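The structure's right below; bear with me while I get my questions together.
Chain IDs A, B and C follow the sequence of writing; residue 1 opens each chain.
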Amino acid sequence: MRKRLITGVIVATMAAATMVATTSASNAAAIDYSKCTDLKSCGGMDALVKAAQKEGKLNVTTLPRDWANYGEAMDLFSKAFGIKISDDNPDGSSAYEIQTVKTAPASKIPDAVDVGITYGIDNANLFAPYKVVNWNDITPAYKEASGRWFGDYAGVIALSYDTSIPKAPKSFNDLKDPAFKNMVAIGGDPSGAQEALMSVFAANLANGGTTGNVQTGIDYFKSMKTSGNFVTALANGQNFVAGAYKVSFSWSFNGPGAVTTAAKAGKTVKYVIPSDAVIKGTPYVMAIPFNAPHPAAARLWTEFLFSENKGKGSVDLGSTKGMSGSKIFAAINGGQNVWISGGALPIEYDAMVAKKTNATAPAGYEIPAGAKIVTPTPAEQDAAKAILKAQWPAIATN
Amino acid sequence: MLPLLPFLAFTGFFLIWPVIAVTIRSLHGNKNEWTLANYTPILHHGPYFHAFVVSLKLSLMTAIIGSIFGALFAYVIVKYAHGKFGAVIDSISAVFANSGGVPLAFMFIAAFGVEGVVTKVLKSLGWDIYAGHFTIFSFTGVVLVYSFFQIPLMVLVFKPAIAGLRKEWEEASTNLGASHLTYWRRVAVPILTPSFIGAFFLLFAGGFSAYATARALTVGTVPLVPIIIGTLVDGNVISDQANLGDALAVGMIFVATIVMAGYIWAQRAAAKWRSV
Amino acid sequence: MAERMKKFSLKWPLITLSSFLAFFIFLVPLYGASVYSFKGNGGKGHSWVNYQWLIHQDGFYPSLFTSLKLAVLAGLLNLLLMVPTMVYLNLKGQRYKSLIDFLCILPLIIPVVSLAIGAQVAMPKMLQNSEYELVFFFVIIALPYTYRALDTSLQTVALKTLVEASRSLGASWSRTIIRVIVPAIRSGITGALFLTFALSIGEYTITSLLHWETFPTWTVVAAQQNILGAIAISVFSFVSAIVLLAAIALFAKKRSKRVEVEA
């Protein structure tokens, strides 16, 4: 108790109201969880968990269960802390998340968002500053100094294909073969969907283009369309099962989920990182809206996602009844490791490797030896979008 | 005028008011300043202008196909499907007319896709529809899929007009010595024309703004205005152009107003023709 | 003789042609999708597993109930609003017709995305906190169909004569509408009601943008990680809506027959 008071005083930047709250941390209700800026000012893990459990609910938005292993992250969090998660519009986009934060009625505002980096930068004023315990392990280039948003995970563009096709593709160049006629598809409109945009960057790189100019990538798809290899179908689970396409481009972190889901529908899918282009995306970023309706749960969820713990998954975890918050937290897998087991590259990966706390990544998503990893900057992405907006619709003219 | 008040109050609050809100937003820039900048990209011959052209082309084609075949179906149903069967057809049409989005796109992929049911049957008969450049994920494909809801919509809105043709009129004209053809030319067609025009414009407007289906079927390769609006409001990539989407929506309302003016003119002309 | 021949030569070609078209455009795609929904686990064999999976999902019945409830309310509100309006327009308010027609076609032209955004900006928060706000927007997006269906059928009846007769017999306006006009334009009313109902029960865009859980938005959440289940959901929604409406239509028909007999 006394120690807490002292730490509260030491954190000089803290608002006076928060300090008062900190002095009475034994009484969790007195802390204003919508204002506390790190675990200490939130009263420590035990108090935070207690407050989050009292709120009992967490609003998340646009998290597909297959996406970066979020299904497991949600199941584990829910089971461990007994907090119900409601996921609004799992197929939605970053713009939808921002729109929701701005316009939804109070009770439906998401407690945390996971958006493309440009959305974090442009909307920083919508988010409350919060620094997770592992703040220092987050790459400086991908976080806002006061903690309004911070990078969470990234992926690499992979080729995903149906193993029943006669020839297994290994590179963008392979796909030009007439054997792939009517087989290759993309996951959306590259001027509007991040994954598709990065696929064009990858095709561009594979054919000798630079990140500053995606013309070569557009020409690649154009010639693939002329040869009939590229079908303008939307790459998604249903279309895949119906045989509308056989090969597509996808984030590596969607691989493990997609493989399991496809298997249930009777299809065998394999992911491979193309040998002629390794494009790593800019990381997605996490942020807590100012007006989050469950501020304690929001902060607990964020701490959980940025935890480097190696513990139990949702299947192995037993009952946590009667355990203190910090004990539960220590017993379960941290979000960073949940992401690793889903094939994503979490933002704290390097620090975790140094500390040897990283879980084993699923096999088959290895970057080919000697490949150069390229990440287009946000400015380069904007330039590419401008060209794509004018040229992409003209790819198919029939 | 008084009996219209509930309607005007209702549409005023739930329709016009939100539209005004969108219009006001379209006149604002990213920093909340007043500006016309959101409208400039539409007027230049760039991708947005092109999208308006493609949208108009698509809605015109699907309205023509939908209204002609829908009228044919409506006639056959009124003439030959009576009683219970007719009631069932009404229900089917209502559901079909409201279908769209991912489920509808999937149905056509399952039927006409590379491995679709129809594709396979035709292939076994020696006709590979995918040998050339046809795909269901193209402008032609979108036109085909749109018929799935345009035709039933036409059936629903045009059927009452055909049902309203009285048997006595046909008998009277036959008694007066008119041939079947003359009856159609001089009596039935003039009576049906205003309803047909009305229904046609309804289909046109519906085709103009429908987007979920085309969006689920293509990857930005059939650029339609509503899809672009959706991408602007709901995309992952562009972070600061939601207000441009509002401007495009206002542009659509503008285009539609012109079309509606043509529609009202056509209705009046038809009414005049009928009275001659 | 010539007359007879003409009738014979037209009837069957027309029926054959339309059946053929209907088969290709409507039935084949539905069949194509349902084939996938009847595959068993791991995509093997034929079975009902995907449908069994569907009805055992948490939230299946509650979300279905919500959708039915909202659709019924939207259908009723729509008729309550539009039948008197349309009767007035066709009886006395001819000169306002173009204006109302335009207002009614607007919801078709305004992209639903924009309408939903506008609604979030403009609607009072109190309304936005209740799922019943959807009823109002379902009515709005059904207006284009309701207007046309009611208008077409009102034009086929001798409205003026009916109303004058009823009023001169001392019937009130509401009685005239309910007892005289409504039965006369039954086909238009059924059409309007069915369209509103079918539209409301399947509406996704506005519901999703306003963050409500109805059957269509629930299915998107439920169908994740189960591709065949997702297809089963589409087929189920489609077929059950048709069956439901057809049942109502047949029931209504039976009743109306009985009324006619009694009268």
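As a convention for this text, contacts are C-beta pairs under 8 Å (C-beta built on N, C-alpha and C of every residue); 3 or more make two chains touch, one makes a residue touch a chain.
Quick caveat: nothing in here was measured; it's all calculated off a predicted structure.
Asker: Where the centre means the average of the CA atoms, what chain is farthest from chain C?
Answerer: Looking at centroid distances, A is the chain farthest away.
Asker: Which pairing of chains gives the most C-beta pairs in contact?
Answerer: Comparing chain pairs, contacts are most numerous for B-C.
Asker: How many angstrom between the C-alpha centroids of chain B and chain A?
Answerer: 38
Asker: So the centre of each chain is just the mean of its C-alpha atoms; given that, what is the distance between chain B and chain C in Å?
Answerer: That gives a centre separation of 16 Å.
Asker: Any chance you could list the residues of chain A touching two or more other chains?
Answerer: In chain A, residues 92, 96, 99, 238, 242 touch at least two other chains, as defined above.
Asker: Residues of chain C that contact two or more other chains, please.
Answerer: Answer for chain C, listing residues that touch two or more other chains: 36, 117, 121, 231.
Asker: Where in chain B do residues touch two or more other chains at once?
Answerer: Each of 102, 106, 109-110, 116, 233-234, 242 in chain B touches at least two other chains.
Asker: Which of the residues in chain B end up touching chain C in this complex?
Answerer: Listed in rising order, the residues are 1, 3-4, 6-7, 10-11, 14-22, 25, 69, 72-73, 75-76, 79-80, 83-84, 87-88, 90-92, 94-99, 101-103, 106-112, 116-118, 144, 147-148, 151-153, 156-161, 163-164, 180, 195, 198-199, 201-202, 205-206, 208-209, 211-212, 225-226, 229-230, 233-234, 242, 245-246, 249, 252-253, 256-257, 260, 264.
Asker: What part of chain B is in contact with chain A in the complex they form?
Answerer: My answer: residues 46-47, 50-51, 54, 102, 105-106, 109-110, 113-116, 130, 133-140, 216-223, 231-240, 242.
Asker: For the complex, give me every residue of chain A touching chain B.
Answerer: 92-96, 98-99, 116, 118-119, 121-123, 182, 185-197, 228, 231-234, 238-239, 242-245, 381, 385, 389-390, 392-393, 395-396, 398
Asker: Which residues of chain C touch chain B once you look at their complex with the stated criterion?
Answerer: Touching chain B from chain C are residues 3, 6, 11, 14-15, 17-18, 21-22, 24-26, 28-33, 35-36, 81-82, 84-85, 88-89, 93, 96, 98, 100-115, 117-119, 121-123, 136-137, 139-140, 143-145, 148-149, 151-153, 155-156, 187-188, 190-191, 194-195, 197-199, 202, 204-205, 231, 234, 237-238, 241-242, 244-246, 248-250, 252-253.
Asker: With touch defined as at the start, can you tell me which chain A residues reach chain C in the complex?
Answerer: 64-66, 71, 87-92, 96, 99-100, 103-108, 237-238, 240-242, 257, 260-267
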